[in-house]
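By written order: A, B, C and D. Residues from 1 in each chain.
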Amino acid sequence: MHGEIDLSEPFDPDADTLREECGVFGILGHEDASALTALGLHALQHRGQEAAGIVTFDNDQFRAERHLGLVGDHFSKAETMERLTGMGAVGHVRYSTTGETILRNVQPLFAELEGGGIAICHNGNFTNALTIRQQLIRDGAICQSTSDSEVVLQLVARSREHKIVDRFIDAITKMEGAYALVALTAKKLIGARDPLGIRPLVLGDLNGAPILASETCALDIIGATFIREVENGEVVVCTPSGIESYFPFGKQPARPCIFEYIYFSRPDSVIGGRSVYNVRREMGRHLARESIVDCDVVVPVPDSGVPAAIGFSQESGVPFELGIIRNHYVGRTFIEPTQQIRTLGVKLKHSANKAIIQGKRVILIDDSLVRGTTSVKIVQMIRDAGATEVHFRLACPPIRYSDYYGIDTPVREKLLAAKYNMEEMRKYIGADTLSFLSIDGLYRAMGFEGRDNENPQFTDHCFTGDYPTPLTDLAEDHDFVRSPRLVEVG
Amino acid sequence: MHGEIDLSEPFDPDADTLREECGVFGILGHEDASALTALGLHALQHRGQEAAGIVTFDNDQFRAERHLGLVGDHFSKAETMERLTGMGAVGHVRYSTTGETILRNVQPLFAELEGGGIAICHNGNFTNALTIRQQLIRDGAICQSTSDSEVVLQLVARSREHKIVDRFIDAITKMEGAYALVALTAKKLIGARDPLGIRPLVLGDLNGAPILASETCALDIIGATFIREVENGEVVVCTPSGIESYFPFGKQPARPCIFEYIYFSRPDSVIGGRSVYNVRREMGRHLARESIVDCDVVVPVPDSGVPAAIGFSQESGVPFELGIIRNHYVGRTFIEPTQQIRTLGVKLKHSANKAIIQGKRVILIDDSLVRGTTSVKIVQMIRDAGATEVHFRLACPPIRYSDYYGIDTPVREKLLAAKYNMEEMRKYIGADTLSFLSIDGLYRAMGFEGRDNENPQFTDHCFTGDYPTPLTDLAEDHDFVRSPRLVEVG
Amino acid sequence: MHGEIDLSEPFDPDADTLREECGVFGILGHEDASALTALGLHALQHRGQEAAGIVTFDNDQFRAERHLGLVGDHFSKAETMERLTGMGAVGHVRYSTTGETILRNVQPLFAELEGGGIAICHNGNFTNALTIRQQLIRDGAICQSTSDSEVVLQLVARSREHKIVDRFIDAITKMEGAYALVALTAKKLIGARDPLGIRPLVLGDLNGAPILASETCALDIIGATFIREVENGEVVVCTPSGIESYFPFGKQPARPCIFEYIYFSRPDSVIGGRSVYNVRREMGRHLARESIVDCDVVVPVPDSGVPAAIGFSQESGVPFELGIIRNHYVGRTFIEPTQQIRTLGVKLKHSANKAIIQGKRVILIDDSLVRGTTSVKIVQMIRDAGATEVHFRLACPPIRYSDYYGIDTPVREKLLAAKYNMEEMRKYIGADTLSFLSIDGLYRAMGFEGRDNENPQFTDHCFTGDYPTPLTDLAEDHDFVRSPRLVEVG
Amino acid sequence: MHGEIDLSEPFDPDADTLREECGVFGILGHEDASALTALGLHALQHRGQEAAGIVTFDNDQFRAERHLGLVGDHFSKAETMERLTGMGAVGHVRYSTTGETILRNVQPLFAELEGGGIAICHNGNFTNALTIRQQLIRDGAICQSTSDSEVVLQLVARSREHKIVDRFIDAITKMEGAYALVALTAKKLIGARDPLGIRPLVLGDLNGAPILASETCALDIIGATFIREVENGEVVVCTPSGIESYFPFGKQPARPCIFEYIYFSRPDSVIGGRSVYNVRREMGRHLARESIVDCDVVVPVPDSGVPAAIGFSQESGVPFELGIIRNHYVGRTFIEPTQQIRTLGVKLKHSANKAIIQGKRVILIDDSLVRGTTSVKIVQMIRDAGATEVHFRLACPPIRYSDYYGIDTPVREKLLAAKYNMEEMRKYIGADTLSFLSIDGLYRAMGFEGRDNENPQFTDHCFTGDYPTPLTDLAEDHDFVRSPRLVEVG
């Protein structure tokens, strides 16, 4: 349920979690296109809480609403939906990374083209965006946003191809990295997934109207039928007369991001034919097999650790109990304590359920360990509540490498597992024992015998350092030559 | 975890739940009085989401902030706390009942008295408030709020006693019903609980500063020590020199509201020496003993049914699984679907976890059944997800009577169990079987052998119709004679 | 046009002007009662810019909207008017005095009475309000506002009379000071003016619906007919069957506030049969007769000095020119300059029209001199623009005494004419010559031969120190014994 | 004072006035650059009330704040100024034309250039912007705004020149129409005026820091020295080492817009060596010479008609009186009357000063006549107030042609003088007589003997139809071929 844990803590400045950057949704040929898009985005809200936007096309012009805030903050009124007329719509939810929470970055992005127009939504990260952006500026392009996503829009606008689909393919073949793109033109709904299928994208149908969405839960909320996943490297073009497929990169084995299973996707979504919830429970089962100790109770860190803890409990026979209670009101606002109060160790989000903890040997289950700052506090809270032993278990391997494909990980030096060895981590966290799920255990929970090191089944560089694409921007030192940017200061 | 479920759905207009009307908090003699009160109210947020207010006394004047919205919306900034200077503070969170969401009703209420002043916070409901209000108006009192709580303030102001504690006791001895009151004067923090102790109130201590709060979780969040519960019928007067107790009603057996265990209190709170979480899990265990059927999986309606489902699973050995996923973003805003979309059966708050449900015989556990409107939808959602059987189990007896002590129950005609017999309810809900925990099972979960019908241990009229106090206002037809009121329309 | 000058500078913290505290309006028996009240208040906006409120009675209940801000900010939408249903309405605009800008003080004030209710609007100031308030609190009344106006409402509620008109008269006969009151009950619209008629109140009619308003301009805006002024000491009771008059204080000579002519009323209003604009122009004419000097141009301080400057020009034959241009955008917000910029002498509100000023001997006309802080800057600005001489002329006598009847004057020590003699003032202001209109000149401009010192025709204590009523609160030292108050801090 | 009249009615939907589209300001080399720019924009507020923006450069990056609303709404706090760090700043105020009130159009516009960047502010209108915009889109440019001003920015970005000044000149030489441009780069402040100098731009100095502004009043407010006007067709480049001038179009006679004198500029501004106030007063004098009739009083339509009315009164000897009072509160909000109230003829903005009007023969002076809708109401109001005769006089010739250079005139069919002859206009307006200032009278008021029809001294096509530049966009039918646009709907 890690997807859910994000939901209520979008602006915690000391967040000790991973963040995905976006969710995308599109539909063509339905008279409630904008309302269905709002609902789809609501189901994808866990993928981004900074901003939300929808663009429709009403056969005359494109119509846009883009706002900072949650989907429900701005797209909940019938009158809003009535302004967003048209049978086609695309929408986007966005996660906030520091300093870029500005309206000009809110997607969908739009370009007027000769005789047409295109609105684009992007989930992922282009690893050569800065490099191409510099070239574009050299050639006279004006980039209004600071988002890497705008680069692909500029390439579409500048393509010398004539048909919109050819322009779109022309543009994406210049890009490196991870992406799920959904685009709306006057006549088409287009979807694309990067050559390795790192970021997810599924195809659905509602009474004949094709739908593209980041996860199946966005289909479920509106009662749409799941058709299939968009394949890695596939460009899907939906028109009223049907769906066409293009493979501009040729076919190759997929390598989707394993963190969608571990953390990002909603537990009721299905990816690659696997129930996300079941995978997480299996991770708990394998974790129990690998690192069970003698104990009294299995306690999840809510909500993220719950499915793994259920699996751990089922496998080990140790009772599952809610030993930590979560306050779901800790959301967009929180109380700034004075210094004196800070020393009281106030826990706004979690509180220990003493009746469960006191005098017990506790197995504490969380889904992953990033910087460790929250884990320290939680272990201490469990001890303060009277636990006699605290055994900390993580349902994935140690995160040792940063991500560049759309997951907001700290710089490497902030990753606890990059800094410390196992014993140092245990001491830092303050647990009696500390164990992570092994990399092969992780793959086993996915249904494999283990990781295929020749041809790894997933993108898993955060654990292994095995980055599956070039990292062009990282190789060049763009800071050195970059032009002055415009910063919106208020 | 029912306390939590309320948290994220404060404004759902079709709510099929019970609502409590308030949480109270007070502290005396701490230099961070207002910030500690804000934190305490944050921990009590599940008891009321409409409005929050704090009044402090800074040895010169009383200082107030009262706002519509959550605690975190208005009491999260250091600068707010700095405006609320003073070593004593009382605070209140309030639940919204239709038509009365106005600023003038937000507590604490305040009266300037000759040479002093008093701020009062009230959780509960006076069952003779209208009767006394009419008398007060006849005598020239001006009631600014439409809240029943103001009556006790007017009585304090009009008391002919000289000492503030005598005035306070003079006032409450005229009131009937259920109440936990916390009051701040220039020199004292006063707490009072109704003669039967229907509404909860606990006494705590933080480094010598006495604290009064609705639940122990408000002590835990600031690291305060739990001293004891305020007794039924007790008036507690805290001053810098110590705590005094008065029993103006004499001593009698307590009869606290059983719904605090079933629904209202946070699972990590302790009432009457019992862990709320443990009681709920025990209800699940007894429910399993009473009504187990052959099945594959135990699924809670989240978040309210979780502890009972854990107990049910532990007792029955049927696996506990998260078969329903909750979207915690459904909060203060929600998307108004068009009529066409409404027919799609969109579920904004809950979605079925198909991987768990499909092809399974499901035991569905919820904490209580009020109007049944939500239960119908959830059972249907489980069937749509492929369950072969759905057995609905409620962790408390049928609710057949309205409450008049501060719980916002529908009128009797809207209570499903007041309208229908068991089989009619089962058909309405659409379950294969339907069972409630028995009244004796409920008392057994509380640690008794059963209900003592001579001297019932708890206030349980919602199940039994056994109201423990007079209902004066109900007996008189106040609507008939009432004066025109002032309605704030914007 | 001084009434107008206030309009665009309601929140200037360094205001060097006088302020009135309120405007009142009421209407009975018109189906657009609330919208007409909003329009009437808009015409009276110059009398108070802090807050505005309207209460209607719709034969079932009283309906209220009270907001901080201008009339147009909150009462401009048709939907607002539709919420304020009913054929009777009263409304109020209020001026902000420091520290009391709180919602609980916004009028109309309301009291539910046995079998009825009353909403009251007050312009003026009771000079014994604190004294009575203390007695009320001693008797158990709860005062919700900090406004002196609430006292009269409490007295109405506590009156032992049975009929509402008798209660109202019972209450006002206990009050001292200046007031124009407009009240709405379930069946009546009531108006009252203090025994000396210090504050203004007029009676009008719109197609048979009686209207009460502070000034005639509020009748003009809705095309209503002016009937007559409410007399000093008169209580007017309007019902559908006609208008009745009561004189609870007996009859005595009126003594209206002369500042309504000099400053407060709108120039197009008519008071006591005199056009306010004409009176102001006559003041300018008499000022010219008293203090003409050799010069080139007559320049008003806009907008307040314009009518007097026109009169001065007409009498003297010296050309009237707009030598100072006013920026009407200086309103509710203004730019905080940094210290460095402050030294540039930035003038946000006024700028010199150099083409008119340069090389000229300028007569500068303003309506009155309060603290002098603005006058210093304006004289300097005129000099900087190249004037060879600056002769400052004020169209009223020196203000030497504070007001206690509803005009917000500075404490006496801040009044320039209370601190300095004529030559000291001239030096402070920096003018070549300085003259004020004489007190007899002022009375001559009103059509008299001069002030009748035996029976002065107007309330003119600001010039003469001749206060026409007891100042009870001032005589007692209320600060010493006052109880702690409640201060809304956010 | 027509400039002022705009100030308080920015959103009147039935406006019967002309509107200019912008004011510009720039400064280089002053440590309070942003605050001085805010003050300058405040002085230019009459030129645009929709939106305001400032961009600074702080030697590292450009910093922007752009908001809908008045300057004082968003640029009044010291903290805002502190965020806008840097020694160079440019700013813009913008007038709202229907449907385009969106944030993306708020200037300054910005383009990141290779190794640099440029922020541009534009007052005026390019008459070939649509034509060039289509070419740009064909070439792959993405236009984010719907503003014609963005075209020049795109041309700068795409110029093949290397130096920023050469790029800027390259861009403007492709544009037709009217413009005053102010641009900020990392090292320079650049100003440019169209070849005919249609739109105004002046050069000033504050302690060595060069300033560019639309009018001299923006220099006066900060105490800056007026240096000279930027010449027609001149590009001024300011750097810390001095000011350079370029004349890319060669030199030719100037032909500034005559409406700056009649209507737009503030009365205290000086253009072409003429005081705007004096010119307007002279128009009144010449109007009196041309069309005096026997009458009792000269009444201006405030505030726009005041200077001409003063001149008319001085020339004719007929007394000047404020016969119409203006309510300056009619600003951003106004009360929507119900239909019934609408028929009452409510005047929110103007009211007749009956004491001046009744029984009088009135000469009514306004600055110009556009659609005539307001004039009809004002004449009727004067008659209702008891005038025996109403003679309407306009201080400029009949407006018969639309503008395409930055003045928002109605389409030609809505211009009263384009539809009707003189007698028809008189009847429509309802005046006893109607006269306009002659075109030669207008030029005489400017100091000439009359209009030089061979080489007209001013741009005066609204009166004469003599457009001084090509109107390329108008010649082509762009609607026919335009691409779908993006419309921000919320």
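Before moving on, here are some points about what is shown:
Note that in this section a residue touches a chain if its C-beta (ideal position, glycine included) is under 8 Å from a C-beta of that chain, and two chains touch if they have at least 3 such contacts.
For clarity, every value in this text was computed on a predicted model and none was experimentally measured.
Note on chain placement: the centre of chain A and the centre of chain D lie 50 Å apart, centres being C-alpha means. Each chain gets a centre from the mean of its Cα atoms; for chain C and chain D, those two points are 37 Å apart. Separation between the centroids of chain B and chain D, computed from CA atoms only, is 61 Å.
In terms of inter-chain touching, the protein chains here make up one closed cycle, each touching precisely two others. Taken together, the chains touch in the following pairs: A-B, A-D, B-C, C-D. Of all residues in chain C, only 1, 4, 7-8, 31-32, 35-36, 38-39, 42-43, 45-46, 70-73, 75-78, 81, 217, 220-223, 266-268, 270, 275, 277-278, 281, 306-307, 310, 314, 319-322, 325-338, 340-341, 344-348, 351-356 touch chain D in the complex they form.
Within the complex formed with chain A, the residues of chain D that make contact are 55, 57, 60-67, 74, 80, 83-84, 103-104, 110-117, 119, 134, 137-144, 153-154, 157-159, 186, 481, 483-490.
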